[in-house]
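These are the structures, in structure tokens.
Common to both upcoming complexes is chain A, partnered first by chain B, then by chain C.
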Partner chain A sequence: MAEPSKKEENKVVDEGIDVGISRLTEEKIQSVINSVIDSETGARLKAYVETCIHCGLCSEACHYYLSHDNDPHYSPVGKVKQTIWEMVRKKGRVSPEFIRRAAIIAHTECNLCKRCAQYCPFGIDIAYLISVVRRIIHKLGVTPLYLQDTAHSHSVTMNQMWVKGDEWPDTLQWQEEEAQAEIPNLRIPLEKEGADVMYSVIAPEPKFQAQLIYQAAVIMHVAGVNWTMPASVGWDNSDMAMFSGDNELMGRLKRTHFETAARLKVKKIVMGECGHAFRSVYDMGNRWLGWSMPPFTIVHAIEFYHDLIKEGRIKIAKKYKPPITLHDPCNVVRGGGLHEKARYVAHAICEKVIEMHPNREHNYCCCAGGGVINTGPPFKMTRIKGNRVKAEQLFGAKTKGAEVLVAPCHNCHSGLHDIVHHYEIGLDIKFFGDIIYEVMEKPE
Partner chain B sequence: MVDSRSWDWETGEKNVSLDSWKKEYRWVEEPYASPDGEKIAAIVNVDEGEFTVCVNGKVWGETVFDKIWHLRFSPDGRLTALVSEMGEWTMAVNGEAWENKFGYIWEPRFSIDGTAIAAAVQQDMRYGMVLNGKPWEQTFANMTYFALSPDGRHTAGAVQVEDVDSGEIHKFQKGSFTAALDGNPWDMRFVNVWNLAISTDGEHLAAEVRLNLYDYTIAVDGVPWESRYATVWEPLFNPVTGTVVAPVREKGTWALAENGKILWDRRFVQIWHQMFSPDGSRLAAIVAPKYGRWTVAVDGVPWPATFATLVTDATFSPDGRRIAALAKDGETFRVVVDGNPWTDAWDMAWKPVFSPDGKDVAAKVEKKGRYTYTVNNRVWSRSCDIAWDPVFSPDGTHLMLRTVEAGNYVRRIVPVSDIVG
Partner chain C sequence: MHSFYNFVSGPLAWVAFILFFGGSIYRIVSMLKLVAEKERFIFSYMSWRYSLRSIIHWIIPFATVNWRRQPVLTVVTFAFHLCLLATPIFLLSHVVLWDEAFSISWWTLPDAVADIMTIIVILGAVYFLVRRVTQPEVKFVTSVSDFVILAIVAAPFITGFLAYHQWLSYPLVMCLHVLAGDIMLAAIPFTRLSHMLFSPFTRAYMGSEFGKVRHARDW
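Moving on to the complex of A and B:
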């Protein structure tokens, strides 16, 4: 077994993990691990475990490893070695303390960003291996409190922020009313069966960032999109259950989302600027349900804006003046290949785009994704210290003149906000939608 | 069921001009046609923050509301909408607002014959159902799923009966939800309650429940099935025998269970939207017989034809002998009847409709923004700007087709033979 990581010096107290651990026995641990490995994994896990030659080429792909002065405990292979390999090797006979450490590694020291998979000579998807660990952690009841609470919110409300049934349409109507002060005949059409597009968002938008819905409504209105938003559950495309290892709940959330689109008879689902939600509807959740591909065309906001601008459906009145730098969110770039479309949008709406390096599919993760930011305050500094390399990358862009950081993903936004603030980088952070709303031609 | 015998099945065509509406109002929202086809209605904006409903060119009533949404005709032809006045919300029926007002109202439901109208309501951050204007006496801290019985006499909700603050994960996992029928909650608490069903006689309530983070089952009248599953989908009462069937997941595959016992021999990659024939003798469901392929299974036997993207809107014929559904491959839909896909592919299709004798099938379909109808694999010669579902006459010889064409709402009675030849 590997030695404890240096960061064990600051032992985090998390009620979800600690109470969960206090209820474990070694028999229960063994039973759960073997049950998951025997009945929920197969050739994929076996191939990965038996193929890895421990070369360590994945190490330099990981922002945690780089940010911790190349501490091998933080290398992807090191994290695998400290978790699933040991579980497999010992046939599940590991201690509660081992599980505690595995929970912290899997949930707070890996963003499932898949950057390392690109550097593995065999293409081993280490994010999958860590997801298996998270599944075991879920089955053992040791998921970090804040993430588990988010999963509970999903289970009750089908959204991640405990937004109640009435609060959702009420918020849309409030935003519609606000926007009508600017464009009197603007509508946010609720439950419009047969619209071309169902626009779905994640719950932080109605909860804290309702202006994003306002901005989206203005963009839809000006572009003449035949769109709708559901007034029932199914409006939230997010899915923290995907990251907490609660696959059954993930499937329930995705079914609700897709069936809402089916009920509304739309042709496409256009999603707001969120990365993990894209992964959940485009890759993970649909496949758990039995769909090899999503039953509806999924259009992420980056692609949507790209198409609207390219087709001339929205026109830019005056390009955004402050120089921007563009962060490529893992789930829509490595996971969706939208990096060039993002650049098309950036150059179309901004006077100056300064590339950060590395970029595109080689970009560093924000360190918030993969559910890590949802583990909440106990692990905030783990996230920030674990991404010093991101701060250095952003400093590089800032040095070249960037004043604004565009991050077309909610979790990236929040995570980068913490990085920018802690390392005093001095960049404003915006969504594409913020800038498009500001620079587009709107009715007088 | 709604009795359509009194509807006008003689007049070939009736028209209502919609063009003048746009001149009269600041904006006109999407129109809705009545089940009998005699009325066309839309929410219209009169002035800033002033809304009414225009029905066949006339305003709906004397009251102008601050906001109106979810305009729909009930199956018995009454025009309903959710309306706001002076910061309070309620349901308006044919222009008359219910006497009881609420902090908010949403998720309206109609009984099959349309005589009952229900909705979820919130007042002072307490939640319940309202049925025909009368709210539950007991209200709850939250309510998340809703049901109206087929006969319209009962309502149900998944309700929160223990306060749990955000972050109290261990208290939450002890169970704070249950189901309530007509406002009366079950005694047993669950971690989660989803997707409620009320029996045909209105006496029984079933729901999906989660007993802890890992064990799911179906509870009927507050009593969980003895069997536990990895997860479950929505329960359904047999309309005749009253037994409950639900899809259940075990060891990575799905089966159908009846009262806690596995019903079909065959397991599937996915099973959902199970449905009984009207006489309760046949059971069908949308299934994935293998990963990434979808079809309909009838009494456990899947149709040979499978589809890649989606199967939806399955429905039994009134006599229970036939089944129609929609299948999507790539981006296009086809109507499929008894496993046989029709020739034409559409950008969108709507739930197929059987004639009363089950011999004919019709569906509203759309391609490139133009709507038409397909009947028995033949396509109507016209295309329209808007269309509503086709309605068969009681004797099955005619179809009522409700459309919007060139600014006119048109109600047509068309012989089925005109389309199918």
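Moving on to the complex of A and C:
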């Protein structure tokens, strides 16, 4: 039944994968696969593999499958068949070439968005199965180069973007000074022990989107939030190790993050508009550390804005005019149930909100999440071609009049930017923070 | 033929029932033990409320997005599974056997209804077979075992239908019917027919994760 894949033509070269593969032997593959399966998996893997009735009902959940004209190689169960099923069935006796395909499938053809979990009648967690594959790929040293570089950055600097120790407070000071030109008494409080809120961001914000920190500082200031940011490591809530299968590193990152919040004696952690970081802090990293739920109250930006607006702590001077459409990021909607709060915020700050379809928990993934965008340029077109269905969905919203696409997640933002650009959809993409900053009442 | 019938409906039936009940209990208990040994955290995420919320949505036709997307399959699969479970339990001639052997009996289906339900199971199996060989996304993930388990499930109903209508050689068909029933019972815990045992658990866990942690619907 295993026809050769139709997509041999885009045989991309990735140094992390290809160099890694060249170092593999069949014995090493077998011992790594079996050690992961034996010592790191249990009833879930067993039940998921043995319960799956091969019905294919998960297929239409997947944006890759839909975007590739229903090519079964891209269906969730198809990807499982080409990876973990074979590894289990052959007891790890698979070839390096098999591992190469498995690495590409697990890292670039699945965003771990879990939409398929909502379509499987048995509730089989296919994203978990793909995560097990990624764990094996990690232990074999075959992780895509760009993603692995990000993990290296995490390991060395405790942030995702090689931001050096002095660059972080420098950037905050720079943004504070910029914002003081607008609001002279605005501060970005560093290391303020006992503040209510520790605000954490992902490293791309100081690296190349520093204006987001500026905007957040203005919102905090106007709302009168008693907040702080850490001056040293622990400020970055991002986590590519979670997606590269490096669970130990994920644990180090989250421990640092939580311990920083503990050191600052804050009541809760508020995080910027990022989806994967939410998944890491709220769902994955805490579990690795033994917390069934996070040791701190984790408030994603959507919920934070929702509460500030609802409590009247920020007021909207004049609603945003251009009609917007709202993208529901998987990690905070399917992973955190923030869809209605996002709509509350959208309606509070914008004159017109046009729904895209499907939406809420059933929204299509941006195809950037799950670490896929972090596999970098070699796989850029995999992402874009793998999400034609998103382009169609966005175009549907555009034809109903949407001019701006709000995506409250960094990965979604970047991924959607590529899709909007490639398919020439013509939507501006914004964060909630961009719009709130623009429309809120600010001191004269 | 007579002694063969006595064998399949006597000792072999005992073996089949023991394998079915014993095997099912063994599979579930050993799976729960595995959870306790290696993934204990699963217990702490389980929630009755969200488990049931999820299971109830998925056992009602058209109550989930995916059931609504697949109307033909939904009708077929619900009819198939319902008839598959109900027909052998409430068939008059089966209840008569229970009555004769152990003096226990219960409500039974009229024969005409049971006949239609048998046809539904057979047609359902044909539908699944056709779907398996014609739908690319199903064909791609199909292995020999999928045809085998489909045959295991269809065989008791095909032979039962033939026996009821006394087509072909009745004694032979009857023997095959009992044998097929024995095989199906014994196969449930040890093949992917075990989705009968495990799907409530996988569904419940996903429902609990979605309800308790993710605050989202899993249907």
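To be clear about the criterion, the second predicted complex is superposed on the first by the 441 of 444 C-alpha atoms of A that agree within 3 Å, B and C clash if a C-alpha of one lies under 4 Å from a C-alpha of the other, contacts with A are read in each partner's own complex, and residues count from 1 in each chain.
Definition applied: a residue touches a chain if its C-beta (ideal position, glycine included) is under 8 Å from a C-beta of that chain, and two chains touch if they have at least 3 such contacts.
All of these numbers come straight from a predicted model, not from anything done at the bench.
By the touch criterion defined above, A:15 reaches chain B but does not reach chain C. When the two complexes are overlaid on their common chain A, residue A:122 makes contact with chain C while staying clear of chain B. By the touch criterion defined above, A:75 lies against chain C but remains apart from chain B after alignment on the C-alpha atoms of chain A.
Legend: residue contacts after superposition of the two complexes on their common chain; A:377 is shown touching neither chain B nor chain C. Once the two complexes are laid over each other on the shared chain, residue contacts for A:57 go to chain C alone; chain B is not touched. Legend: residue contacts after superposition of the two complexes on their common chain; A:292 is shown touching both chain B and chain C.
By the document's definition of touching, neither partner reaches A:443: not chain B, not chain C. In the superposed model, A:224 lies in contact with neither chain B nor chain C. Comparing the two interfaces of chain A, the one with chain B and the one with chain C have residues 292-293 in common.
By the touch criterion given at the top, residues 1-3, 41-44, 46-48, 50-57, 59-61, 65, 70-73, 75, 77-78, 81, 117-119, 121-125, 283, 287, 292-293, 333-339, 361-362 of chain A touch chain C in their complex.
Of all residues in chain C, those touching chain A in their complex are 31-32, 34-35, 37-39, 41-42, 44-45, 54, 58, 64-66, 69-70, 73, 135-143, 146, 192, 194-195, 198-199, 201-207, 209-210, 213-219.
Chain A contributes residues 15-16, 19, 39-40, 138-139, 141, 145-146, 148-149, 152-153, 155-157, 162, 164-166, 169-170, 173, 177, 180, 184-185, 187, 189-192, 194, 231-233, 246, 248, 251-252, 255, 262, 265, 267, 289-293, 295-297 to its touches with chain B in the complex. Interface residues of chain B, counted against chain A in their complex, comprise 26-27, 29-30, 45, 48-49, 67, 69-70, 103-104, 106-107, 120, 122, 127, 142-144, 160, 166-167, 169-170, 172, 177, 191-192, 194, 210, 213-214, 216, 230-231, 249, 251-252, 269-270, 272, 288, 291-292, 294, 308-310, 312, 328, 331, 347-348, 350, 366.
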